[in-house]
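Two complexes are shown next, each including subunit A; its partner changes from subunit B in the first to subunit C in the second.
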Partner chain A sequence: MYGKTACQLVKEFASGDKGQLVSFNSDLFQQVVAECSQHLLELQSLIRKMEEERLDIQTVRNADYYGALIHHLTLVRNKRCLMAYVYNRAEIIRNLLWKIGHVLPQEIEEKLSHAEGEYFKKHSAALKYYMSKVMVDLTVDMIPPKDPYIKVRVLDDIGDGILLSDDKTANFACHSMHLLKRTDAEQFISRGQMEELSG
Partner chain B sequence: MNTKYYDIDDIIMEEETVSVIFQKTASGVGIDPSSEKDFIETGSKVELPFWLAHELQMRQAVSVNIPSCFDKTTRLEIQADSAGVDLRSRCPFFYEFGCKIAPIVGDRTIGFLLLSAFKSRYKEILTKAHSVAFAAGSKFWSILTKEEINLYETAQSEMASFKKWRMGGPRFQIASVLGKKRKSTE
Partner chain C sequence: MASSSGAEEASLDDYASLIATTDVELLKRAWRNEKAAPEILRYEYRLISRVKEQIQLMEETVEEKSSVGNDPLSVSLYQMDLDRTQFLLRSYLRIRIQKIEKYMFHILKTEELWSRLSKDEKDFASACTSDLNQHLEVTVLSKLPENYQSVLKQSITSEEDDMVPEPQLDTFVLCRSKEYLTGIQLEDGPADDRSKLFEMEPGVLHFICYRSIKALVESGKIDLL
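Our next item is the complex of A and B:
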């Protein structure tokens, strides 16, 4: 049936959990694009046939007209599926920036297409530029903390020599515990490298 | 423009098939599997996805039949025991599809059917969401439509947030995009 492949693409996107990305399916994507070209060819040949018969395309409603109409509608539908696929992925990718910061982990980066990777980089650069202009870090937590420091445990071997905002370096060995400024700890927690210890 | 243009669920819902009868002929299209030529005669009955059927119906090219998920047997089942009817296998977007199909087939009773089914099932879902935790894939899950699953999950997450607010807990957590992945590799 017409439009089936395009819908399959959308379904594949929907099969992932909310806010999670599945790998960009460029095979299926190209397949839909190829189908679109095919529909266009058939549409054009039907219109040409009507023109050769010297019919008025604006008013005549014959079998060729309805054939062309069906091809046209399928094209519009396929376009919608492709657009929705790209659009919704772009939305998730923008959210990634806010949720896990400017560097994507390997396993997520692999799922992006080349263009999407570029998009993420440019979006990240734009945000950084804006934040440097207004001199506010917009990626920190929205709710003001009661205490500027929090207790954290390191879950991953992050290593030493990491520069904190108060110009000290710290050695984050695995399982060590630290009292850190919230703003320093946030990015590590959201990447899953630290956990907050609640009193 | 259609406000739901980019809506994934709306797109999937419009892929539901309906059976239509062609009022006009159409050439050069391969949508009728029963015909060997690429030509559709007037009066031929074809299964089309909703998006195509709807557009053709607006141009008076086809007439749309009432889909089987709103037929008499379903209605009787819903009247008898609405909470136990397996709506998912009939149509995962039962309510949304019903709203779209009703004006097209001109059946006013579909509206009442949807309303009464939703009202009684809604109550059941909310009660269950707050009392029992059903594992994904259990029988209870398998009969819910997409909309109802959303409701169930919302009710549960709202309860969890409420508990978290009352008991307190760490404010920062690992980003949900990474959460599952990490656990499986450890």
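Our next item is the complex of A and C:
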């Protein structure tokens, strides 16, 4: 059936976990692209046949016309599916910027196609440029602050002599607990090196 | 932001009305509206530049006080105030940027929405759009037949742009009016209900279709929650 492969591609995306990426399915993607070229060939040959029979394409409604129309509609549908696939993946990639930051971990980067990796870098640069223009860092402060200080546990051996914003240094040995300024701790938390202890 | 010393001397009533019109309250309002509205609203240019100045002033105050070091409690209160204001500012700008990311093609081609962005946001939106355009071009469009290569149209036979994601204006929002409003035309519901005009008492909460009150939100008569 026409358009089935494209539908599979979109279904694969839609059935994935929300906000999670799976590897770019270039096999299926190429198949749909190949189908598109095939539809164009058949569309053109039908039009040519009508022209040879000296029929007016604008007005004649015969079997060939409707055949060509079906190929056109399938092409449009395939295009929409391909675009939806890439567009929605791009949306997830942009959201990764907000959730994880400007550097992607290896295991996520592997799931991107080459073009998607490029897109991520470019978009990250555009966002950084905007933030430097307005002089506000938008990637911190994701949740409204209750208290300027929070309790954290260190998950990774960050080491000692880390300079905090109040000009004191701290020793963040693994598993130690600290009461830190939220703004100081946030960068470590987003990198997964600390966790916030609630309550 | 802390109230000015003048407010502390004024009577309680004046104090309340003064508080309601401080820049931080105005920012909070702008932030709430932006957060609840499905489409991007006008950039509060003057307000944001005032708030930025005040944040800078606060930072200087905190620094000054903490270098003296004899009053850690008031320093931490100032710091908390500062943190909250900064959160509001960041969140306000962030929501706008995320809306731009989501609806960039629509914003770019709609004059009215485009004029609502600040200059930096416009630069960001242009960069953003050209990046995504290129990405789609390389990945999909360049591989399709010639007549099907537009980002905005499904094929060259489409008369208008039929591939642009737009914000859903029929979504429902919670809102509250500041004054008595009348003659609001409802734009949803059964057709014979639509001719009825709707009124709003000040301070009463309503759950209503965004499209119906769009103009009133833009003119600042209704606040979203």
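Assume the second predicted complex is superposed on the first by the 169 of 199 C-alpha atoms of A that agree within 3 Å, B and C clash if a C-alpha of one lies under 4 Å from a C-alpha of the other, contacts with A are read in each partner's own complex, and residues count from 1 in each chain.
Basically, a contact is a pair of C-beta atoms (placed from the backbone, for glycine too) under 8 Å apart; a residue touches a chain by one contact, two chains touch by 3 or more.
All values derive from a computational prediction rather than experimental measurement.
Participant: Applying the document's definition of touch, where does A:Ala90 land relative to subunit B and subunit C: first, second, both, or neither?
Facilitator: second
Participant: Which partner does A:Tyr130 contact after superposing on A: first (subunit B), second (subunit C), both, neither?
Facilitator: After superposition on chain A, A:Tyr130 lies in contact with subunit C alone.
Participant: State whether A:Ser45 touches subunit B only (first), subunit C only (second), both chains, or neither.
Facilitator: First partner only.
Participant: Can A:Ile108 be said to touch subunit B (first), subunit C (second), both, or neither?
Facilitator: Touch partner of A:Ile108: subunit B, not subunit C.
Participant: Scan A:Tyr2 for contacts with subunit B and subunit C and give back first, second, both or neither.
Facilitator: first
Participant: So, A:Leu69: does it touch subunit B (first), subunit C (second), both, or neither?
Facilitator: A:Leu69 sits against subunit B, while subunit C stays out of touch.
Participant: Which subunit A residues come up in both lists, the one for subunit B and the one for subunit C?
Facilitator: 80, 83, 87, 141
Participant: Can you tell me which positions in subunit C touch subunit A when the two form their complex?
Facilitator: Answer in residue numbers: 52, 66, 76, 79-80, 83-84, 86-87, 89-91, 93-94, 97-98, 101-102, 120-121, 123-124, 127-128, 131-132, 134-136, 138-140, 143-145, 148, 154-155, 157, 163, 165.
Participant: Once bound in the complex, which stretches of subunit A touch subunit C?
Facilitator: Result: residues 33, 36-37, 40, 72, 75-76, 79-80, 82-83, 86-87, 90-91, 94, 98, 113, 115-116, 118-119, 122-123, 126-127, 129-130, 133-138, 140-141, 144-145, 147-148, 166, 182-183 of subunit A touch subunit C.
Participant: Any idea which subunit B residues touch subunit A in the complex?
Facilitator: 5-9, 11-12, 15, 24-29, 31, 39-40, 47-49, 51-52, 55-56, 59, 61, 168-182
Participant: Which bits of subunit A are touching subunit B when the two form their complex?
Facilitator: Residue list for subunit A touching subunit B: 1-3, 7, 10-11, 13-14, 17, 19-21, 42, 45-46, 61-64, 66-71, 73-74, 77, 80-81, 83-84, 87-88, 96, 99-100, 105, 107-108, 141, 143, 150, 185-186, 189-192, 195-198.
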